[in-house]
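Have a look at the structure that comes next, please.
Each chain gets a letter, A, B, C and D, in the order it is written, and its residues are counted from 1.
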Amino acid sequence: MIEFTLWDILRNLLLATRWTILLSLVSFVGGGIVGLVVMFMRISANKAVATAARAYIELFQGTPLLMQLFLAFFGLALLGMTVPAWLAAGLALILWTASFLAEIWRGCVEAIAKGQWEASASLGMGRIQQLRYVILPQALRIAIPPTVGFSVQVVKGTALTSIIGFVELTKAGTAVTNATFQPFTVYGLVALIYFALCWPLSRTSQVLERKLNVAHHNH
Amino acid sequence: MGYQLNFGWLPQYLPVLIDGIGVTIYLMAVGAVLGCLLGTVCAWTRALGPNWARPVVVAYVELIRNTPFMIQLFFIFFGLPSLGVQMSELEAATLAMIVNLGAYSCEIIRAGIQATPRGQFEAGASLAMTPFETFYHVVLIPALQRIWPALSSQIVIVMLGSAVVSQIAAQDLSYAANFIQSRNFRAFETYIVSTLIYLVLSILLRQVLAGIGWALFPKRKAAR
Amino acid sequence: MHRRSFITLATLVAATIGLAVPAQADALADIEARGTIKIAVPQDFPPFGSVGTDLQPVGYDIDMAELIAEKLGVELELVPVTSANRIPYLQTGMVDLVISSLGKNPEREAVIDFSDAYAPFFNGVFGPDTVTVAAIEDLGGYTLGVTRGSVEDLELTELVGDDVTIQRYEDNNGTISSFLSGQVELIATGNVVAAAILERNPPIRPELKFLVKNSPCYIGMNKDEPELMAAVNAIIADAKADGALEAISMEWLEQPLPADL
Amino acid sequence: MSLITITEVKKRFGDNEVLKGINLDVDKGEVIAIIGKSGSGKSTLLRCVNGLETINDGSISVAGAQLLPGEAALKALRLKIGMIFQSFNLFPHLSAGRNVMLSQMVVKKTPKPQAEEMARRMLDRVGLLHKFDAYPDELSGGQQQRVAIARALAMEPLGLLCDEITSALDPELVNEVLAVVKELASEGMTLLMVTHEMRFARDVCDRVVFMHEGRVHEIGAPDTVFSNPQTPELKQFLGML
């Protein structure tokens, strides 16, 4: 019968980690793009557009990611699209990520003092120009630490995709557990790999935040 | 053959859903109360506690915050028995919720403590209060008030994250959904219904937390 | 916040009510046109399907899937599924066939069609030496692990009394892990599955306590696909006749096929 | 008999020696003002007496309680002497009355009715009994500082340390606070105060201490110190040069 050495276990987990990383990147980049659109809609002067964005955010932040994954998985297929697990996983994670990033970024835009809007308006800039030349460059700086911080949530969120059958780190962990009967070792290793992925991101976010705070106080 | 949405199964399985909702609310309530308590103790330890205990808390917080909830759950439920630590699925789920929220709330509450003006600590000291008395009577409530919105969001996030406990057969709302869809073969409709229930729960939870904040902190302004 | 939430709810409800979708017409023609057949297989259910050291699925069901693809002359795409989601996979068209040690029962027959049987399967209740039960009636007070939506689950849920706790896991990984880590005292699963676990020298040994049901495995497909059904049944019949199925059985179950299959 | 004894106290922040050997005895009932430029070490000295800063050398004792590290010693010291801060430091989540009651109940384990009675008496003493249920953010700066004084008095200290208690106040609110302090002085409370109110120091104090670069540069009766300064530093500080 098949025997797993510790190296076999680790090798399989590391191979599966590739998919965790890939899915995280896709979700984060895709979520960033969608999130940017949602954020602009959310701060739009048009009430209907802003309300739609708010409903979107409320929906995706107010329901479990797991349910969103199930719905994307089974729902898309009902719409006549045959989706492989990775596509449903990617789509659900993108939409979920977007809802959080949109709110984080809106907070950053709104943290820019009102005086900046008024000053740029008094110079005759339109709303888009105000955003483009005055508000966003400032908001971008304060947005980086929380954005990097949220990337940790995205990496961890990919673990749930194992439930709809996408073979990434967690799924590999359960499969290997079942083949080796060593849950303590396997889940311990899985946790360590996630930690190795997430901790540098957490640290970076904390360090950036501290730098930003120091820079802020020196003004 | 066209696929028609069908909610005819709903009355038959309503009791199952209600049981699931009960367990989800139980997990959320116990997790939130004990999790915040653990978080407060850890925050105190990190900000003001004995030197030897601080690295322990840091390690705990970092480990939990940088690994997925599901892995923590699997580790507790499937992994710990090999060390002789055995618990039921509901106990394991509750423990995982507490440990998880404990780590997040520790960081949030610590931020609230650190934002406390130094004068508050000194005023407590000059009135002959011990550091712990000062923390408990003077620092804690305004600190909680400062971070209540952030803490509330985190509690909602952890509640929604609890959907994963069905993976160890804890019989919460997501377990009910999975159970029903394995019987009625109406996966999409079942998940739509349960997702909507979660949405309602999270909205209600936020209202409840806002109410608790209102009752706990009658005065709106905290020292900054 | 109330207003906002209400709008969200209303939008979602409106979106779901307006939904009604057509499924594909002739599955066999689609498969041939595509040149690929997508087959759902287990990867947590030895010896029908489990992973090797390279995490690729292997087992009885996988060999069966290969046989069918080969006979149909199309490429094979294996889709690993769990017991709980294999029927939704089929219903939503994500796979063409389910070859996942699928047992037949009236509930399932209401939503999908079954081919002829392709593998024997006896499910039963298993547990370590320390537990003495010999029949359904002895289960009182014990905690029993099953995989949600499996034949064992549906069967035992009907049969046992209220004093038996049934824990339902999402997939066989969960069921087996819960047994091996001592979280449940007994599990209900296939006899060959228990045998495969025993072979790997587990910490807690699943010995047979009693058999619950003779429930051979069938290939599942969507309803009203007569062409596909005919093609699959022909392949199974041929495989029984020419010894191909016997060979698969000898390799994975280490016993010949029963005569009545 | 001296209530506060400060002997050869030295205090360093890193390489910066802020107090370079301070000697000062404060008698019971005495009112002393400490004046000097910012950075001369006067606030630090006050904070040392209350144990808010550790000292590097020398000793401080208040009515027999020595300044020593450790919670018990600090508590004993602080029970004998109260402190009032520049920034009031009222507890924002508690009403004025509760602010005054808290430490009595926590530290002295005074039962609630007695603590409340004491709080009412002390608030009455500073003229704020009608603000018993008001929260700090509903009070003016001068009122907040008077509550802070009541809060310190409720612990029945032998003396009070006042650290620039009027510096954060709008000019029109300074007098209401000084009036309370003056009242305390006339009742025989021992006061050691850092202040910029020269007029007040001259009128109320028994002695004035001029600190310069971490040392007691001149000390004496107010008339002497203000009318007849001996050193060029004090003269410069008083604007006489």
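As a convention for this text, a residue touches a chain if its C-beta (ideal position, glycine included) is under 8 Å from a C-beta of that chain, and two chains touch if they have at least 3 such contacts.
Please read these numbers as outputs of a predicted model, since none were measured by experiment.
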item: Lowest number of touching-chain links that must be crossed from chain B to chain C; value: 1
item: Most widely separated chain from chain D, with each centre as the mean of CA atoms; value: C
item: Distance from the mean Cα position of chain C to that of chain A, given in whole angstrom; value: 34
item: Whole-Å gap between the CA centroids of chain B and chain D; value: 46
item: Where chain A and chain D are represented by their mean Cα positions, the distance between them in whole Å; value: 54
item: Distance from chain D to chain C - Cα centre to Cα centre, in angstrom; value: 80
item: Residues of chain A engaged with two or more neighbouring chains; value: 59, 62, 74, 78, 163, 174, 177, 183
item: Junction residues of chain C - those touching two or more other chains; value: 5, 8, 12, 19, 21-23, 85, 88, 92, 170, 174, 177, 181, 203
item: Residues of chain B engaged with two or more neighbouring chains; value: 3, 78-79, 81-82, 167, 187-188, 192, 199, 203
item: Interchain pairs in contact, sorted by label; value: A-B, A-C, B-C, B-D
item: Touch list for chain B against partner chain A, complex; value: 3, 62-63, 65-72, 74-75, 78-83, 156, 160-164, 167, 174, 177, 187-188, 191-192, 194-195, 198-199, 202-203
item: Touching residues (chain side chain A, partner chain C) in the complex; value: 1-2, 4, 8, 12, 15-16, 51, 54-55, 58-59, 62, 74, 77-80, 82-84, 163-165, 167, 172, 174-179, 181, 183
item: Parts of chain B lying in touch with chain C, wherever the complex brings them together; value: 1-5, 77-79, 81-82, 86, 88-89, 166-169, 175, 178-179, 181-183, 185, 187-188, 192, 196, 199-200, 203, 206-207
item: Chain D to chain B touching residues, read off their complex; value: 50-52, 71, 74-75, 78-79, 82-83, 85, 87-93, 102-103, 106-107, 135, 137, 148, 151-152, 155, 161
item: Chain B contact footprint on chain A (complex, rising order); value: 59, 62-68, 70-71, 74-75, 78, 152, 156-157, 159-160, 162-163, 170, 173-174, 177, 182-184, 186-188, 190-191, 194-195, 198-199, 202
